[in-house]
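In the two complexes below, chain A is the common chain; its partner is chain B in one and chain C in the other.
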Partner chain A sequence: MNKPKVGFYNLSGCSGCLLTILNCENQLLDVFNGAEVVSFLMAQSNNVEKELDIAFIDGSVTTDEQEEFLHELRPRTKKVVCLGSCSCYGGVQAMENEKGTWLKRFNKVYGKKPFKVVKPFESKPVDAFIPVDYYLPGCPIDADQFLYNYARLLRGLPADVPKTPVCLECKWHENECLLLKDKLCLGPVTSAGCKAKCPSHNLPCIGCFGPADESNLTSEFSLLKEKGYTFPEIERKLRLFGGVKFIKQFKSLWKKAQK
Partner chain B sequence: MEKSTKVKFNQIRIPALARVEGHGNITVEVLKGKVKDVKLNIPEGPRLFESLVIGKTPEEATSIVPRICAICSVSHRYAAIRAFERALNYKETKATHQLRTLMHYGEMIESHALHAFALALPDFVGYPSAIAMVDKFAPQILKALKLKKFGNLVMEVTNARWTHGENATVGGFGLAPTHKQLFDIKWQAQELIADAEEMVELLRNLSYPTSMEDGIVFMCLKPPTDQYGFVGDRVLISTGEEHPIEKYKELSNERVVEHSTSKRCRYNDRPYVVGALARMNLLGERLRGRAGECFKRCYSLSWIRNPLYGNLAQAIEILYSLEHIPQLIDSILKKIKTLETDAKIQKQPTGTGKNVGAVEAPRGTLYHYYEVNRGIVTGANLVIPTTQNFDSMETHIRVAAQNLLANIENKPLAALTAQERKDIELIFEMIVRSYDPCISCSVHMVEVK
Partner chain C sequence: MKVLKLKKHNLNDYLDSLRVWGEVYGPVKQGEKYIYGQLDDLSKLDTKMLRTILPVKKFLMPPKFNTFTFDENKYKAELENIPNRIVFGVHPCEIHGLLILDKFFLERFPDPFYGERRRKTAILGLSCVPDDKCFAKSTNTHYVESGFDLAFNDLDNYYLVWVGSSLGDDLVRIRLDLFEEDIKEKDLKHYMEWRNWRDSQYKLNVNLTAMPDIMELNYSSPVWDELGDKCLSCGACSMVCPTCPCYNMSDQIRPSQFTGKRERTWDSCMFKQFALVAGGHNFREARSQRVRLWYTHKLKAFITEFGKAACIGCGRCIDTCPVDINVKTVVKALKGGK
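And now, the complex of A and B:
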């Protein structure tokens, strides 16, 4: 049987999700032998661009060149998988999105001279341009979650990612709840998968796995409000890794609470 | 995935640099046998980090900046912590300092093992990747992976994750590691010293191309004691000068160039180099133990002219870090009760102040500067190792191109055989790789207020 052909690609990001794969030292040979890795620029120099069974994408879309690449990639790829919060939600670089400040911030950083190399724009997730089949969130992704899903995908099975929030994993670790200690923890609304690393170190969840499917933003919101946190404080935290995904729902909650 | 622009008849072009972090390409233009232009183009997408930390708390900024780059995320976090603590007058206790040092060693070992053995080494032995090398070099690759895994373990124990851990904070740590975890690291470090020494020998016995050799100016941080080390508040330069890190702007002189989304640096109008090779050249005499012996065995005058020895310098730094871990852990264990963890951390930084903090990232000196007003960041500036190294990469590519073309009687590029072209391209790529460039890092680091 032919091995599935896979490619690993990196757009705008820190390469942390691809690094997480290279960090699976004990399984690394299996990762490369279980499939035909036709493209992985960060790890090898004999890359070929051709028809793919699975493309893994790390990083968000911030230039015209990357947009073109996605449109070129999609038709020759059976399954597209987003790796990490950048490709799933736009990443930390999307935290100020839809505020209308991008151009001002861009000019502040680079000056007004036009770019010669690429045409840049506000950071967007991959699904703003092409249909995506599966999402593995995280900043960075969790290695065990990747390996489990990599094995599933190579066998033609769908990805299996938790819909539950970090709180569930936190309870499994028998941690004392940080919200009860009045800390602004995003555990109740953030997707599980990190093994509750931060709360297990007495640190509030910063939401790096993005919004959980089965979360209760309403109750998190009223709890935080009760504890005296302000709208800008909560919004700032939600935006750090979730970009604008939370914000619409959050704003309507805030309006209701004001009445 | 870069656009495949057609190569002009008088150009050598490498469209997408492989086995580096991020995106870059090289264009070398030749006119009548003379190298006319060398461009290391950086089309990396902008993320505007410096604007993202404005309006955030120091705590949030410390979570944001490591995301600039995964491979040096610990160094970014550590540099930010040092800058905020210097700006807001925190006192670092000895135990906290030592645990941070251990965390920093973890990153040095992991990042160097990845770069020196998995990204750079394949070129020297004629393979496209470390995975492909397993055919012939299985024991060596497995040792390299073991070292890399150990570096990750150290980061996980100290900073809660391999990459982007959150445990190290302004003021201390969220949670102290357990005795068992620290003993485990100590034991493993002792076990790995022999492997690290073997990897140094492997790299020492490679043959190093010389076509790019040219005099280099080096810079690194001066450790506060007379030992080797990776942090300091003063900068050493191979010209014999010494400056406080507060002068980082005058030392780096960042400027914008058209062909790159990363800025460029020069000192006294000359390219300069930071990283393991700079540290070895400036501080190598301070090494003791097996790392010291290896340094004496490996060092030669080529080290001040040939960037490719950066790989070997990294291997010696892995050995140095491993040798220091056991005594460091003994010392941490004696004081672990005084460690500034969660309950004891001085509360949320709410003060006002501004200052710079610096650490040696695996690939060179990293400066973070912040202005804080009543607990909110109002200004930020970051100077990144790879930004500082770009000009030197271009210089050495230029020298190599001139020498390699002279070797084949300066025949026009159109007349090069496929093999001749491939050989030249490989040298260019080896030069860039030897700096261990972290291109995500290098992009868009400018002052924002």
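And now, the complex of A and C:
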């Protein structure tokens, strides 16, 4: 049987998700033996760009060059899988999205400079340009969740990424609820998969796995408001990793709440 | 049932001796809350504990465990390396919770993974004094008659110890020298006085009389929409509830070969995907429907099926829900109170 052909690609981001895969040292042979890895710039030489069964994409889209690459990639791959919150939601670099124009923000940071190499734009998730089949969120992704889904995808099974809230895994660890301790914790609205790492170290969830399935932002908002948090504080936290998905969700809430 | 006496100052000595049979667990403080933790050091044991974050079900169906490993030709259940455990400090209500889990997992469709752990876990009960979140008297789960191996009743400077099973008897015989067998009339009097005093300590009353009828009448009530709007769908209530039995299964296959394991993890009917079936259909699309299901199961369906509520009045939902949705507030709302 021919092994499925897979490629791993990196757009704008820290490449931490691809590094998470390479850090799976005990399973690394499994990862490379289970498929024909035709392209993985971070891991191997002699990469070739050809027809693929699965393309894993890490990082968000921030240049015209990356956009062109996605349009070139999509027709030659059967499945596209986003790895990490950058490619799923736009990432940390999308936290200021939709706050005035991107160019104004860019100039404020870098000064007025001509774009010589590539034409940059506001950070966007991969699905803003091409259809995406599966999303594995996280900053970075969880190694076990990746390996589980990698094995499924290689066998032609759909990915299985339950978007249950962080609270589920948090309770498994018998952590004290940080919301009940009046901390600004995004656990109930954030997707699990992280094994509740932060709350297990007594740090409130900052939402790095993006929105949970059916996050009840309205209730989370009013709860945090009762605890004395202001809307700008809550918005800042949600924007940090939630990217475009959260922004879309809370924009309408925002309007209602400010009335 | 045999009753014995154990002087309080002998408790740690006794628990220490039980290590010949298995690992010893008991309530220990973690931050401001309690958990059932392993008692390597018996000075960590805190007998004043009221409720642990997770109930004793975590020993019998851990939040996450492997049920079996498999390859292309065969599978092998993981039932062999389950250790003997002694859990001390289990309150009466929680033992009732175990009896409810037994109904799910030991009767019509026996679950070997639960059964084996239940068999290898000695339950050593301990009497308690309620706080303002306990309502076990309302659910009639504040005393135990079965479901435990030993039950310790705290009476000033000694415990009256009920022996509830042959395993319990074996455990007593490990250190028979620490127990006194001559129960006197004054001990009975002492116990009855304690009972009366303890019964008077229940401040919270959640009257569950005729709950199935009240739930039925409320089936289309706007109360469920209000609760659905408020519920965070975090699932914490299900995790901490001693009678919530639901779980999910997933097959973890290795990428390069057909070997793997079937993992079982706690699940909650509060999650949208819980009732998701093939074709993308969902029995309980709306959050309000899911909140309703949880309470219907505890306070209506279980009563109809088994003659009692699947709520033991431990107060964990009251202690856990960040938005104050719990048996106390839901029952009140269903009865028309705010």
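Note that the second predicted complex is superposed on the first by the 244 of 259 C-alpha atoms of A that agree within 3 Å, B and C clash if a C-alpha of one lies under 4 Å from a C-alpha of the other, contacts with A are read in each partner's own complex, and residues count from 1 in each chain.
We take it that a residue touches a chain if its C-beta (ideal position, glycine included) is under 8 Å from a C-beta of that chain, and two chains touch if they have at least 3 such contacts.
It should be emphasised that the depicted structure is a prediction, and the values quoted were computed from it without experimental measurement.
After superposition on chain A, the partners chain B and chain C are accommodated together without colliding. Contacts of A:Met42 after superposition on the shared chain: chain B is touched, whereas chain C is not. Between chain B and chain C, B contacts the larger number of chain A residues.
The superposition-derived angle at chain A (between chain B and chain C) is 110°, Cα centres, a multiple of 10. Within the superposed three-chain model, A:Tyr229 lies out of touch with both chain B and chain C [touch as defined at top]. Of the two partner chains placed by the overlay, neither chain B nor chain C lies in contact with A:Phe129. Of the two partner chains, chain C is the only one that A:Glu214 touches; chain B does not reach it. Once the two complexes are overlaid on the shared chain, A:Leu29 sits against chain B and chain C alike.
Legend: residue contacts after superposition of the two complexes on their common chain; A:Pro188 is shown touching chain C, with no touch to chain B.
Shared-chain residue A:Leu180: touches chain C; no touch with chain B. Superposition on the common chain places the nearest Cα atoms of chain B and chain C 9 Å from each other.
According to the touch criterion, the shared surface of chain A, contacted by chain B in one complex and chain C in the other, consists of residues 29. Those residues of chain A whose C-beta lies close enough to touch chain C in the complex are 27, 29-31, 33-35, 147-148, 150-152, 154-155, 160, 162-165, 167-168, 170-172, 174-177, 179-180, 187-189, 212-216, 218-220, 223. Against chain B, in their complex, chain A makes its touches with residues 9-17, 19-20, 22-23, 25-26, 28-29, 32, 41-47, 49, 59-63, 65-66, 68-69, 91-93, 95-96, 102, 105-106, 108-111, 113, 115-118, 120, 123, 139-140, 143, 197-198, 200-203, 206, 208, 236-237, 240. Taken together, the chain C residues at the contact with chain A in this complex read 30-33, 35, 52-54, 63-64, 229-236, 239-240, 248, 250, 252-257, 260, 266, 268, 271-273, 287, 320, 322-323. Put simply, chain B touches chain A in their complex at residues 1-3, 16, 18-23, 41-52, 55-56, 60, 63-64, 66-71, 73, 110, 114, 118-119, 122, 128-132, 134, 145-146, 148-149, 152, 160-167, 169, 173-175, 256, 258-261, 341-343, 429, 440, 444, 446, 448.
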